[in-house]
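Pasting the structures here.
In the two assemblies presented below, chain A is common to both, partnered first by chain B and then by chain C.
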Partner chain A sequence: MAAPRAAARRRPLDQLLLGLAFVAPALLLNLVFDWYPMFDGIYRSFYRWDGYSTAVWVGLGNFERLLNDTVFRTALWNMAFFLAAAIVLMFPTIVASVVLFRIRHQRTQFVYRVLFCIPMVVPWLVIMLMWQFMYNPQYGLFNRLIEALGMPDLTQTWLGDPDLVKWCLVFMGFPFVTTNAALIYLGGLKSVSESVWEAAALDGAGPVQTFLYLELPLIAGQFKLNLIGTITAAMTGYGTQLILTKGGPGFASMVPGLYMYFSAFKSQKYGYAASIGLTLFLMSLVITLLSMRFFKDTEEA
Partner chain B sequence: MATQVQARRQRPFPWAEALKHATIVLVCLALLFPLFLMVMMSVKDKEQIVYEFFAIRPPFHLENYTIAFGYIAPLISNSVVLAVGSTLLTVSVTALAGYAFGRLEFPLKNLLFGILFAKMMLPGIMNLIPSFTLAWKLGILDTPLPVILFCAGTSQPFWVFVMRTFVAQQPRELFESMRIDGASEFQNFRYLAVPLLRPMIALMSINVFVFVWNDYIWPLVTIQSFEKRPLTVGLAYLTQANPGDYGMLTAGYVIAALPLLVLFFISMRQFIEGLTAGSIKL
Partner chain C sequence: MSALRADLRSLATMLLLVATLAACGGAPATVPDAPTAAPEAPTAAPTAAPEAPAAPTAAPEAPTAAPEAQPITIRIMTWHGPDGNTAYYEGYKTLTDAYTAANPNVTFEFVYQPLDGYKELLDTQFVAGSAPEIIHMQPWMINEYANKGVLHNLNNAYNSTSPYVDGPAWIASFAGGEDTFAGVRSSNKFGGIFFVPSDSSAVLSIGQPFYYNKDLFRQAGLDPENPPQDWEQFRAALAALKDAGVIPIAADNGRWIGWSLGQVGYQFGERYVDQFYDAKFTGDRGLEFYWDKVYLALANGQLTDAEYYGDMLSLWKDYAQYWQEGWTGTSEADAPNLFMTGQAALLQSGFWDFQSYSALIGDKFEWGVFPVPVITSATSSFGIGKYGAPAGTQDYGFTVNAAVESDPALAAAVIDFLQYMTSLEAQTTYVGIAKSFSPVVGVPIPDEIRGFIAPEALATAREVVGPSFIEWGDGAIWPGLSQDFLLGNIDQAAYQAEVAASSQEGAKAYVESMLGPDGFQASIAAAQQTLADLQAEGASELMIASQQRTVENLQLRYEMMQTYYTP
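Now for the complex of A and B:
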């Protein structure tokens, strides 16, 4: 009879064991397959290792080499370009989300939201390959379009042109509305009480004023979240370049993440690749923290 | 006639509303254009793509689909194995941990939760190469295991957080009453928490499934044999191996996109609401 009551007041050790029984699988997987690789990566970045022979301790040697590596320097400049473009191009998503939110007819709004979501469900790779097709100089959409407009001299090699390639990669985001970010903004706007909008309408606030003084400040938290995602993705992402350009032509679209990938899987320089990874990791962490700090300050001001 | 004119005067054409709709419709058209182009190209043969790019007229070459399907059918089952395996493992460990963190009291609870949660905040770029060497040392390269295990290791913290919040919101009496009836903590989890968590579990399953289905770099690195590779890696390979055969290729892209689109339209409301809901608690 007393058993259930005793069970309700368990001793700390039993409690710990019971808790561990539940959380151990998740925790173990996380420690082994997420935390351990990170520390292993830090450790490896101080070694020279080709993947087969014994690793050789080189201290900060990898990082010294990285400082003088012209490919890495090009990659950093390209990364800065993509980062700046990504931050500027966050704006269309904000506008689109606010416009979508202001559509009062709920059923139409839902239909639009469904359409917004479709590109997210289609494999990202398929969208990339379609853009590759559109840029294809021989078969693709853009040159066909230029020819159809009667200006065959203006056809381009697009991704094959070192001056154009970065702009082409940026333009692939067209119309620069990111589904995920848009849904996050919408979630934020929808969580605001209805009375706020009514009060604004009563005060005679125009659409632009409402945008600047109500909607923008209200989604500041969501903006920060998306900003972290955008910065991390722009600084460490390289999937697009891996599929479409391999960093080329030459090194015109090389980014640090891709350089890391090639250093490991093409040149078998695992230690060097790890040091690129660590450098990128620290850089994106610092820039994320700095931008968070910046936004905190502007909020208080 | 007169009343009509009057009605029109009372309600002027809603320009502002029309502008909003026009903006959104244009955005949607631009977003969906690559998909439209994909379907349009998938029924053309090589000559039609070169000589009548913009025309939509017969003959429609549906054999593109049978050829493409022949290439990628085996890859689809690979993708299914990877995605289903990852989803099952990730969801089960997450539900268990989310329940314990939300419901139970035990020493070190906050520390353990912190360990899980902290890694989520850090950029994942460093992990690729050491993860690869770890999978290599474990001797699991060229099997589905790297995708499944690393997915479960890296993608659950966020969902543990979501489930913990959800479990903690449920009334305490619900669980207490079961306990007084002599139910063990695991029975509590199995018969009370899991049914309650069902919407969260569904949402998480969809997300993990979509993530693994669309993943490219990690399976590219860890699965070397072509016949074991998932759909995404296979499609990229097919594109390189058949330059210019865009009718067949785009047909393959359509086939690759279809399963998720169907899944999406089946679970649409849950999918969208869930994506929106997850972000409200900021």
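Now for the complex of A and C:
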């Protein structure tokens, strides 16, 4: 019995080594392509660096400058607007998922699920350019439609209007149903035991009550997951602004991410750009933690 | 344990596979030129130094020697791709094919990236040490990358003979000769020449004119055969077009901001900075010090408020009322559509778009081109009333990656190809295909683009300072600030103060870096070393004389900066 016992003692170590060896490629790539650039970015944020020459240590200089940077401040306000809009606009996806879940007819549900998923395969860039075309004041769909309805005075310059531009960018998500998020919610609802719905039906819960007291609380976990994604995307994203408005008119749609990109590639201020990136990272971390804390408190209450 | 070993062996294989896949990813799109072309240039620059600017080195090439027979792949990066809109790519391709036919060991790959994202790709390639050997660059890119030390100094190659040109030096084959490179020498800290001109001419004033719709001109009661020549006529024409319900000018939220500023701004402030400097830095030799003069004036706060700014800025703002509504939401790609679909009467662009616009417009409407109208004293007492002088304005073309210096055979092949490309024969073939201008003496001008040459009598302005205090500012900020100014969201005084502060800060950083140990002192030492090497090698008198001029010029520039900079 001694030999098998020795083998049994060795086995966990062997398995540990084997396990480590299997995760090594992923870990290595993760370290090189995710963690190294992140720490390098943090390091660079304390330097003045043009991307080529020797970097000059400036301590907290970049962050001090950021505090007094009016463009950055405008960008933060714009980001707050986009963040608030993104959180509010998470709800249509929840409602759509619940409606889809309630369709009992399997074939119909399948058809709707497919319809949900189709937009996912259209690249976001194509969708953006399509919206840009629709917003065009001279030949775009919206102004043409308004004119066709006999209200030419109501035509707008859309993306060219500093007061409208942010709303235009938010409206681009219409009808505000995100496929990935919808599938996550749907998965969550499907994992709930059938008996819960049956019990609710027996208790005489109506559709609104079922939604508020059962479906919504039951997908709270999925909501948290999607919320983190939404916060991160809204705080650090800038692709739409880069393609459609370049942050304009003026700085009306400038967001911190785009300002970071411009600071690096248009101003050659890589250190400053890194400090914007680090600030954004910290802000999105804090807001995510606060929202998680809020959920935890709500659950405990 | 043997099972574990087997597992580890398969894991090692997997790791190798992953590493191989990772290495394959992320390369920029290339257009393989020859079927035998290797996917990665075998001699590609492993030593590109992203850090400390490299000193200009003696050219390692032997320009007159035929490239050795080892297989060489030269990658050429350009924004002119095989997309069918222009024939530039076809023109370059014809030349590379002909070169490969004569030198079968040399093949070419084109790296195509539209101007949008061009610099971003280039930046990452330089940092990664994978930038192509030959890189097409715009003027500002050349200055920037040359100062960063990542481009090969072509000074010695230019002053050597070329197997494709009769005469003592390659440089003499360019129209206007060595004098036309004076300006570009002063734009970098090495006093060197870092590019081979392309698609341009230093002896012609090739403007970036307006394409105009003659049918819409008629509709607005204007004579389409007599387009406006000065700004007053221009403004009247724009007003007439607007009154007729036509969009006068198609504008966009990208390059147009700089272009429109340039149309108005570079008609003010000829030799404006000369007042701050001693006579030896002005006059006929002034162009050699032009960039330093402007940097110094910006750094010293002397360009914060010039007397012509008021007129210049109010004229620019007035001009904006004739751009389509919502122009700040129109992209560069969308603006030409307004012209092509007959909604806008004018669109500014260069001769490079001539072929694609001809094809797109077809017979939808009658069109022509006219130069940007001049601002005379009738509009502003500060208006120059003429165009920038053509002489001394070699400004853009193909640069060579400094990394080729580590491979003499590759460097020799690159230089030899560039010399072939700028031979009379190759250029004549090229302009015939691309319908472009040539920087080389004796190359004919295609008839189709003669209309793009500005009137000779008006093309005499030199060292125009114009709106440098705006354009030399922070690129992340000035375009947005300019939009706010043009839209009336901020007043002129605030706009002027903000852009001036931004450009002053950038200029101070530049001047201080040039006065630091890595600046002129290092450049002068390196240039002197090159001179000593040339003398020791028994190089030609021409090369030695040219290098002596470089050293003297650098010393003078250093002296000027030391004398005039007030921290």
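The definition used in the following text is that the second predicted complex is superposed on the first by the 280 of 301 C-alpha atoms of A that agree within 3 Å, B and C clash if a C-alpha of one lies under 4 Å from a C-alpha of the other, contacts with A are read in each partner's own complex, and residues count from 1 in each chain.
As a convention for this text, a contact is a pair of C-beta atoms (placed from the backbone, for glycine too) under 8 Å apart; a residue touches a chain by one contact, two chains touch by 3 or more.
Here the structure is a predicted model, which is why all the values come from computation and not from measurement.
> In the superposed model on chain A, is it clash or fit for chain B and chain C?
Partners clash after overlay.
> Is A:132 touching the first partner chain B, the second partner chain C, both, or neither of them?
both
> With both complexes superposed on chain A, which partner does A:257 reach: first (chain B), second (chain C), both or neither?
Only chain B is touched by A:257; chain C is not.
> If we overlay the two complexes on their shared chain A, which of chain B and chain C does A:221 touch? Say first, second, both or neither.
The answer is first: A:221 touches chain B but not chain C.
> Considering only the touch criterion stated at the top, classify A:119 as touching first (chain B), second (chain C), both, or neither.
A:119: touches chain B, not chain C.
> Counting residues of chain A in contact, which comes out ahead: chain B or chain C?
Here the partner covering more residues of chain A is B.
> I'd like to know which partner A:162 touches here: chain B for first, chain C for second, both or neither.
Touch partner of A:162: chain C, not chain B.
> Applying the document's definition of touch, where does A:173 land relative to chain B and chain C: first, second, both, or neither?
neither
> Of the two partner chains, chain B (first) and chain C (second), which one does A:267 touch, if any: first, second, both, or neither?
A:267 sits against chain C, while chain B stays out of touch.
> Looking at the overlay, does A:61 come into contact with chain B only (first), chain C only (second), both, or neither?
In the superposition, A:61 contacts neither chain B nor chain C.
> Between chain B (first) and chain C (second), which, if any, makes contact with A:229: first, second, both or neither?
neither
> Clash with chain C: which of chain B's stretches 42-50, 60-68, 150-158 or 240-248?
Clashes occur only in 240-248.
> Just which bits of chain A does chain B share with chain C as contact spots?
In chain A, positions 18, 22, 25, 29, 51, 132-133, 136, 138-139, 243, 265 sit in both the chain B and chain C interfaces.
> For the complex, which residues does chain B have touching chain A?
16-17, 20-21, 23-24, 26-28, 30-32, 34-35, 37-38, 41, 49-50, 53-54, 89, 92-94, 96-97, 99-101, 104-109, 112, 115-116, 119, 122-134, 149-150, 152-154, 156-157, 160, 179-180, 182, 185, 189, 210, 213-214, 216-217, 221, 231-232, 235-236, 239, 244, 246, 249-250, 253, 256-257, 260-261, 263-264, 268, 271-272, 275-280, 282
> Would you tell me which residues of chain A are touching chain B in their complex?
3-4, 7-8, 12, 15-16, 18-20, 22-23, 25-27, 29-38, 40-42, 44, 51, 96, 99-100, 102-103, 108, 110, 112-119, 121-127, 129-134, 136, 138-139, 141, 144, 148, 174-175, 177, 180, 183-184, 186-188, 190-191, 207, 221-222, 225, 232, 235-236, 239, 242-243, 257, 260-261, 264-265, 270, 273-274, 277-278, 280-281, 284-285, 288
> Show which residues of chain A lie in contact with chain C when the two form their complex.
Spelled out, the residues of chain A in touch with chain C are 14, 17-18, 21-22, 24-25, 29, 50-54, 71, 132-133, 135-139, 156-162, 165, 243-251, 254, 259, 262-263, 265-269.
> For chain C, which residues are in contact with chain A within the complex?
1, 4, 7-8, 11, 14-15, 18, 22, 50-53, 119-120, 123, 126-127, 144, 148-150, 247, 253-254, 324-331, 334, 337-338, 341, 343, 474-477, 479-481, 483-484, 487, 489, 513, 518
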